C-alpha cells in the first residue's frame, strides 16, 4: 500500500491534480494518494521547500512525494528522483529539496539523487509544459510500485540548491527571518528553538513589536494577544491567539525577527 | 476498508491535512481517507458542528470522523473519542458534537464518550499546538484499525455542549435563525421541515423579504428568484435559483427567519 | 480497484463532496476516489465540459467520472450514465459531455448513453436538490462495482448537447475563442494546433496584442513575456512566462483570438 503525496502550484480549479492521479492509478493501482498542497504560489519553489521539510518525515517509510512547482518546465532543467532517509521524492531539479538534502546530510541519512531520464518510465507522449502529468506522475508511480531508484536514470552529484536565508548569532542575540506565513496568519521563522536554548529570558522583536517571552501554546494568553511560541516542528513563530499575526502587524515573508536575552 | 474523514479549519495551503494523512496511513494502511472540509472558519466550532451533523450519517458503519477545530489546543481541554450510532468521532472536547449527541439521544442510539488519554495511541512526541497530527490522527487511525473505543481512555459523562440557537414556536409561527450560509449562498436555517407540518400556507420572512410559499426545488422558479425551500437534509432554507441569496439580500449567519401561516 | 473521479461546482467548505465519498464507499469499498475539481463556477456546465474533455482520457480503463454541475436538479432533466471509449460518466443530461460525445464519434469509440432511472441504484431516499449524493454517487459506485451500464436504465438517443463556439477558417486565418482561463491565467482557446499546421509563419491576435510566433514552452522567453504556445492537450493558448496573461491583458473567456499567416 504505497503512499504518494502530490504538491503543486496548480490550484484546484483545472483538474490538473486529478489527471495526475489518473495517471498514477493506471501504473500503481494500490497507491494511496495524498494531496499535500496545491496552493503554493505560482512558481514559488522556496515555499514548497519549507512546506515539504515540515511535513514529509511523518509519512510511512518509502512514501513517494511528487512535487510540481516547475518554472523551468520544458527547458534543460533535469527531472530528478531522490531518496532522503525513509522518503522518496520526484520533481524538477530546481532546489525544492534543499532543506531535505541538508537534513539528510546533517543526520547521516542515505541520500541518493538520480536524473530520471529513462523514457520507459514516462508517459509515451510528453508535452512541453505539463511534466507533472507526463513525467513526474509516472516516475513517482513506478517508484511506488517498486522500481528501484537506481533504475530510473543517472546519478546526480550537483543538484540545484536554493540560497535560503539562515539565522545568525549576533552576540547574545539570534537574528532570523520570517520564511512562511500560514493559513492562520502565524508568522514562522527560520530560527530553530534549539538555537535559543542558552537564552534564559527571551525578548522577541518583529516589525517593531517587542514580545517579552516565548510561550508554549496559544491558550496561555487571552484571545487576541500577539505572542511568540514554537511552531509544531520546532521553529520560533509569532501568532495571535485566535487571530492573525500577519494581519495584526502587517507582517510578511522576509521580515526580520530578532531574539535577544533580556539579561544582556 | 475503514473510512476516515478529516474536518478542520486548516485551509489547504500548508500541508497540515497532508501530514495527518501520512500519520494515519502509517498506522492504518488500509484506510480510505475523505476530506470533509478544511475551510471551516478559524476556531469556528459551531460551524463544523452543523456541517458534521448534516453529512456523517451517510457514511458506512464504523467510519471515523476526525475533527480538528481546536482553539484550546495544548490547554486542559480533553481529547475525546465518541461512538454515536454507527459512526465514530475523534477531536477536542469543545462541543463540536453537540448536535450529534442530541440526535443519538433522540434516536436512542448508542452514545459512548471517552477521554483519549492513553498515550500509547498518540505519536511518541506530542507538540503543544498540533494535536491534529500528534493525537487525533493516530487515535482515529487506531480506531479505524480496530482498537476498541473503551481501550482508548476513561469514560466521559460531562462532554462540553455548545449553546446553539433553537427554533421557537410563537403561536402559529415558527421563529428560527440562519445557522449556515453555504458555498452557493443558500441561507440554511435551524428550522426542521417537520416543525412546519401543520402550516397550510407558509409565509417566510427573512431580512424584510416576504416569500409566499415553500417550493420543492430551485427550477420551479425562474432564474434569479429568491425562494424558500427545504435543504437536502430537511431544514428550511432561502435561496436564489442559480444565484446567491446571501448576496442578494446581504444575509448572514444569525439572521432571524420567521415562518407564519397566511391563514392566521 | 476501480477509480472514480468527482467534479462539481460545490466548492470545498460544506462537506458536500465528503458526503458523496461516504455514499460511494458504502457501495464500492474498493473505490479509489479522485477529486477532479469542485471549483467549477456555480451552474457553469460549459466549463466542466472543457475540463473533463482535457483530463479524463488519461485515466485507467473503466474509470467512472461523476459530474455534479446541475442547475436543473429536481426538475425533468434526466440523470444519465455514459460509456465513451474507455471511460464511464454519470451526471445530469445537460450537455456536460458534449465534447466527449464528439470525440467518441470522431474516433469511432463505443458510445452508450442510458437514462439511469432504476431506483434500486439510487439511495432509498432522494432529495429534490442534492442528486449528487442521492443518485449520481450511488449510480457511479454501482458502475464502479461492476453493474453494467445497460442494467442502469433505458437507452438515450437524444442527449442534450451544448452549443459550443467553434474555430473557423477565414481565408488563410483561423478565428477562435478563449474558452478557458486557468489558475495561472493562461488563456486557452478552442483552436487545435493541427488546424494551424499549414501556417508557416503564425501571427496571433488577441485583445489588440499581436504575437509574432508560436513557442514551445514558457522558458523560451524571458519572465514576464506575453507569448502564444500550445497547451498540454494541444490547443493554442496565450500565456505570460511566470505571470498571468489574463491579468496582463485583462482577457477573459469569450475573447476572440485570430491566427493568421504573416506571409499573407
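By written order: A, B and C. Residues from 1 in each chain.
Keep this in mind: a contact is a pair of C-beta atoms (placed from the backbone, for glycine too) under 8 Å apart; a residue touches a chain by one contact, two chains touch by 3 or more.
Being a predicted model, the structure only gives us computed values, none of them experimental.
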Q | Overall pattern in which the protein chains touch one another (line/ring/star/complete/other) | A | complete
Q.
For chain A versus chain B, which are copies of one sequence, does the interface use mostly the same residue numbers on each side, meaning over half shared, or is it different?
A. different
Q: State the superposition rotation angle between the two copies chain A and chain C, fitting on C-alpha atoms only and giving a multiple of 5 degrees from 0 to 180.
A: 120
Q. What whole-Å value do you get for the distance between chain A and chain B if each is reduced to the mean of its CA atoms?
A. 32
Q. Of all the residues in chain A, which ones touch at least 2 other chains?
A. 12
Q | Partner chain C, residues of chain A touching it in the complex | A | 10-19, 21-23, 25-26, 29-30, 33, 42-43, 71-75, 127-130, 133-134
Q) For chain C, which residues are in contact with chain A within the complex? A) 1, 3, 5, 7, 12, 32, 34-40, 51-52, 54-56, 58-60, 63, 182-184, 216-220, 229-233, 242
